[in-house]
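Common to both upcoming complexes is chain A, partnered first by chain B, then by chain C.
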Partner chain A sequence: MEGWDPTTKSTLTQIPLLTTRAGPRDGAAWTQRLKEEYKALIAYTSMNKSKDNDWFRISAANPEGTRWTGKCWYIHNLLKYEFDLQFDIPVTYPATAPELELPQLDGKTHKMYRGGKICLTVHFKPLWAKNCPRFGIAHALCLGLAPWLAAEIPILVDSGMIKHKDDTASSSEDQNQ
Partner chain B sequence: MDEELLELQRQFEFAQQAKSSVRLSERNVVELVQKLQQLGIIDFDLLHTTSGKEYITPEQLRKEIGEEIKKLGRVSVIDLADITGVDLYHVEKQAEHLVSNDPNLMLVNGEIITNSYWDGVAEEINERLQECSQIVLAEIAAQLQVGSELVLSILEPRVGTLIKGRLEGGQLYTPAYVARVNAMVRGAARGVFVPLNLPALWNSLQGLLAETDGASGVAVEGSFFQSLFNGLVKEGEILGSLRAGVHWTPTVFAVAQKECVDSFFSQNSYIDYGAVQKLGIPQPVQYLQSRYSEGIALDTLFAHPSIVEMLDSSAEDAFERGSWVDALSVLPSSFSSQDASKVLSLCPSVQNALKSNKAIILGDSYVFSNGFLQVLFDRLENDTETLNLDPSASLGLSDSSQTNNDASSNDALSGSNETGKLGLSGKQAPDKGSKKKKGKSMGNSKMEAAEVDLDYQETAPTKSKKNQKKSKVASSSHASDSRPGAKKDNDKTKEDSLNCISEEWLIQKIKPMVPDIEEQGIEDPEAFLAPLASYLRPKLLNSLKERRKAAFTQNAQRMKRVMDNLQRKLDESFLNMQLYEKALDLFEDDPSTSVLLHKHLLRSTATPIVDFLLLDLDTHNKLKNGIEAEDSEKTESTLSPGDRNTLAKSLPGPLSQKALAVIESLEAKRVETFMTALRALVDESGLVLKKLDKKLERTLLHSYRKDLLSQISAESDPVSILPKVVSLLYVQIHGKALQAPGRAISIAVTRLKDKLDDEAFKILQDYQAATVSLLALMAGATGDVSIFFYFTLIVFSGKTLVYLIEHTQSFYGFLFICYIDFVLMFTYLNLALCMLYDMSQKNSHKFTTIVMV
Partner chain C sequence: MRSRIENLSNLATSVPIHRSKVKDMSAEVVDSNPYSRLMALQRMGIVENYERIRKFSVAIVGIGGVGSVAAEMLTRCGIGRLLLYDYDKVELANMNRLFFRPEQVGMTKTEAAVQTLSDINPDVVFENYTLNITTVQGFETFMSSLKNKSFDPNKEGSGVDLVLSCVDNYEARMVVNQACNELNQTWMESGVSENAVSGHIQLLVPGETACFACAPPLVVASGVDERTLKREGVCAASLPTTMGVVAGLLVQNTLKYLLNFGQVTPYLGYNALKDFFPTMEMKPNPQCSNSACLERQREYMLTKPARDAAAREKMEAEALSATECPIHAENEWNISVVDDSEVSGSDVGSSGVLPEGLTRELPTADVYTDLPASDETSTFDDLEELRKQLEALSS
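Here is the complex of A and B:
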């Protein structure tokens, strides 16, 4: 589990692990899996809240729970930078990790695939594969997005690629809409 | 859709909607606290835990510590630091604060312990003690992991209350156990009747305890016994005295000891230190002195003054009687000689006597009154005196002893030394005698002789030569007695001889003089006599020496006189002798006459010489020995051959031999042999024989002639005139002095024939014939007037003849003148002869002999 800072690691270990190996096409098993996903997310969220480290809001965009949307934010220099977050549960899930997308930042940084999918560290994939099916959405957020935000946002802000929403209120509102 | 899923969605929604708690970072909090402290809002000390995450106030810390202590009763400060999570420093500080404020707490070796904890421990110990009856404190201390001293200090106040037992020497005992041991100690102490080292007793008791208790028994320390013992002594349960904490002397023993000493001392008036020591008193002198202040401490024993009084009275008695006393015999037998001498020195009478020189202490214990000593001394002196005065008596003895010595030692040196000594003086004799005596008394004369030899050898090598020299010197000193060296030597020899009065000899002498030695029952008279002898000996020697010296100086004068006289007489007579001897040459050709003459000379001249020589030498010898010799002035009388021999034998050594030779030669027929023997004797006796020289001869001859003439002129006996006339004629004619006996006169006369002219010779012949006839007549009858007449006639004729010979130049002329007278006289003579012949018919044989002559 090298490659991550100690805080991330400690947090990750506190997220409850999942047990059911089921993808979106597995019917009831998937529902079972979805329940576990929710439990893990609740635990992670409440954990974040208790540590005063709440950084995202997500919810299932469809009843099957294969598409998720929400927001994520990062506080830099006492300013809160907030971005849209969306991802699909892949069919091969949980063998394949979901691809997290930040569409607002598409094209603004090269640590991102086309369509706003963030580039994860090289350590992520093997770790995920190793922990299949115990890792779920909460783990993916914790291991993937949180470090990415902490690494990229300060650079992006400093390089002026992104601006605080107060400065770019109109444009960001436009984009959101 | 699944209810549960919905529910979960809702919950998730809710969770996301929930307000997130606000949190300050630690750094912020620390800064905030610091700010608060700066602002004075927090105005008390804040401590922080070792984790750095907590602040704590001292009060809280103290409270926590207090709670912790209350909970456990005994807490280590280090443990407290761990428990409270506060730095050790603060914990210690607060703990100290806490302990100092609370008397029930104590801080020991980094541990805080409450009194209640100790109470609990004490109770536990008590329980165990009741089980085991004894516990070693060290064991407890090890169990509790505290110092045994601490345990002791904790337990001491609780013994008797919480702990029902007794704390003794690092051990706890139950009263029952203590009582048991106490009983043992008491029994053991009461059983001891002699002084004892207590540790030894404790050891045996420990052994006993170990046996009774078996393996579980803990060794009881000696100090426990000791304290029990001390308690018993204090209570008076056992009686005795303790010295230096360990030496126990039971009262029984002390009492017995005291009684023993008391009884012995009061019964015997003394007590031996050895005996006292045997009774177990290590320092008898101090002990006795402190007990009997009036007693006298002696070397080996302690005496009551009554002992001194007793000895004093007996000594006083002895002084009054003029006797002696042996302190050892008066005192009890256990008195040593040193003690006796000490006691003697304490006797007032002895002291007085010693001060006033009335008594003397000899050999430690013998006290002799001066009177006794004086008597003894006088007798001894007399004894030695008689010994000295009787040299000839002991001479034989000395000779025998001497030969004995020689035989045993074959030491030529010492032999010669002895003979030298003998030759020197007969003084050797007395000590020889003493030696003989000694030899007899010892019974082993051989050994004795060897011993004597040793004595001699001591002096022999140095003295023998010296003595020989000395003898020469001495002999010369006889001739001229003025040399001081000679005198000194004499003294020395005298001392030598004096030294031979040995102590053994004295002891032998004293023994019979003190008859009460045996009465007094002294087993070893030697021990008694030896000091006496050694005391008397120097005195005796001194007196003897004095006496000898006096005698010597007195005698020296006389000796000198004797010798001078002797020399003078010898000179005179010897010269004469020589003179006469020369005349003998004239008759060498006639053996019979020569023998006659020799004999006559020896008898007439030599014999007196030998006689006075012998007598004077004897006198001298006696004088030299310090013996009062009778005056020899009158000894002109002739001696018999026997007398001569005894005299000669009485002379010492070689002198006597030579003297004997002289006497022998006297009997022989040759004058020459006598002369050589005489020379030898005279040489030996240290006199000088003068040689006759021409000048002396002439003067002597002259005086001889004169003498003869005066004799002739004074003479009235015709018979004695004849040889003188003949001698005178010989002097005149031959220049030689002839001493001829009557029988040789005729021959002498015939010899003159050639020398005188006929007339003179005729006259002489006639004269001789007349004399012969006269002699015959005299033999026949006496008192006849006619004979007397003829006598005077013949005498006158002889005198005239001599006168003529002397006083006329022409000898023969005068002879001629006288001739007529002579013829006339001769006729008368013839007449007388005829008459005589008639008258003496009876004595015809005599007449015939005369005629024959």
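Here is the complex of A and C:
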């Protein structure tokens, strides 16, 4: 964990750890794991809200809890940039981490794999491997997605690759005039 | 000039030649026989029965720089059936590698591959699956396609003889590992490093050799300072040369395994910068986190007495056929040969020291003593209740 900022570290220690090593094909054990995932997500979301640092919404898109969809956002220069967030729970979960996708950014940055999967190889995958099965979805968001957004969004905005939604609206109005 | 124009217009109007299917592989040396050079392997004493290759089914997962070339090699060798899996499409960025052509951009890799390969050899039966094997649904289709025995109903075990993993990420390798452990299916893994100057192939026999989850995956150190490799960004480098070499090593090992000649390598690394080819064996990890792997390990241990007896019988048979007289009539220094089959020097336990030039890609999981089951959460332990709670936070 060396190299991580103290805030992320202290946040991380407050997200409940998971204990059940089970994936989506493990029946009752997966239900148990899913409960732990929810508890960790609830704790993390409430913590973010209490610190006025709310930055994502996520919910299961199917009853089995194998596909998740939601939103995440990042504030840069006092403007809020919001993106769709989605991922599947892989069959080998939790041995392998979920591959977090921001489909709207697909093709806009090279720090991304096909389909908008963000690159987690260097900063996150070794941590996940080391902490299996104690890390879950909440940890992946905290240690995988949050630092990725913090590193990439300012660059994407400053280079003009992404525009704020008000910005694009006004520029299209300009064209209409 | 006129003849040149005629020649060119002839070329333009000529239709591509499609060869018809061949019923039996012939060893006859004529220009029109696509298998004469392969059947010659028998005459040269390398392969006992080459035509057996038409009975084999091979599944290739990942039709990229390595998988597509491996598929072409097996097609040209006249393999019986190829199952191809990939979810990606052909892009112009793939053109620095072999096999795919610019006019195939936009097609799925599996369709483009079948298009080219069935032209090259119509005798091969192709099955293409455009899906992501890491999702729950994709995995089910993957498993059932491997189990399907319609090609050879009498085959023992699963419906395929070998699975080749030619994927470019850890997640997909773990999925192939999961499927093969559950099906007790022998498979081979291949990989090329992100900096394009090293690669490896590995044989995985469930229960007998280390599975992919037994230990963090190995990579061949490239001879460059590792820290300099962790560049920002994910645009991996690739070379048609390294990928071609690895595909060649992979299919060579496949042919040796299927047609039963030479030594099948358990692990072969390739370091392009130093022309270094490390090799090693890995035993399964008795504490492997994959339960299917542990089950295969138990089964393998149970068959040990039978295996030992068979090995002894074979040794005795060989000894009998060998010349009866001692090789050396005198043994002044009392030199004797010690059996070293049990303690192989190059063997590396799953957690043991690695030979020079090999490193691990990921750390091992820290060992945690399992926390006592948390009872304090019993107040809300209903899944639906938890889901609603998160929903409430999100509103």
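The criterion applied here is as follows: the second predicted complex is superposed on the first by the 165 of 177 C-alpha atoms of A that agree within 3 Å, B and C clash if a C-alpha of one lies under 4 Å from a C-alpha of the other, contacts with A are read in each partner's own complex, and residues count from 1 in each chain.
Everything that follows uses one rule, which is that a contact is a pair of C-beta atoms (placed from the backbone, for glycine too) under 8 Å apart; a residue touches a chain by one contact, two chains touch by 3 or more.
Everything numeric in this text was worked out from a predicted model, so none of it was measured.
S.K.: Between chain B (first) and chain C (second), which, if any, makes contact with A:42: first, second, both or neither?
M.R.: Touch status of A:42: both partners.
S.K.: For A:59, select first, second, both or neither according to whether it touches chain B, chain C, the two together, or no partner.
M.R.: both
S.K.: Identify the partner contact of A:111: answer first if only chain B is touched, second if only chain C is, both if each is, neither if none is.
M.R.: second
S.K.: Figure out whether A:50 sits in contact with chain B (first) or chain C (second), or with both, or with neither.
M.R.: A:50: touches chain B, not chain C.
S.K.: What is the contact status of A:122 with respect to chain B (first) and chain C (second): first, second, both, or neither?
M.R.: second
S.K.: Between chain B (first) and chain C (second), which, if any, makes contact with A:88: first, second, both or neither?
M.R.: It touches chain C, and chain B stays clear.
S.K.: Does chain B (first) or chain C (second) touch A:76, or do both, or does neither?
M.R.: neither
S.K.: Please tell me which partner, chain B or chain C, touches more residues of chain A.
M.R.: C
S.K.: Identify the partner contact of A:165: answer first if only chain B is touched, second if only chain C is, both if each is, neither if none is.
M.R.: neither
S.K.: So which bits of chain A does chain B touch that chain C touches too?
M.R.: Residues 31, 34-35, 38-39, 41-42, 45-46, 49, 57-60, which sit in both footprints.
S.K.: Residues of chain B touching chain A in their complex?
M.R.: 1-2, 4-5, 8-9, 11-13, 15-16, 18-23
S.K.: Where on chain C is chain A touching in the complex?
M.R.: 88, 133-136, 139, 169-171, 174-175, 177-178, 213, 216, 230, 232-235, 289-290, 362-366, 368, 370-371, 373-374, 377, 381, 383, 386-387, 389-391, 393-394
S.K.: Applying the document's contact rule, which stretches of chain A touch chain B when the two form their complex?
M.R.: So the residues of chain A touching chain B come out as 31, 34-35, 38-39, 41-42, 45-46, 48-54, 57-60, 63.
S.K.: Which chain A residues qualify as touching chain C in the complex?
M.R.: The touching residues are 17, 19, 21, 24-25, 31, 34-35, 38-39, 41-42, 45-46, 49, 57-60, 64, 66, 70, 88-92, 95-97, 99, 110-114, 119, 121-122, 125-126, 129-132, 134.
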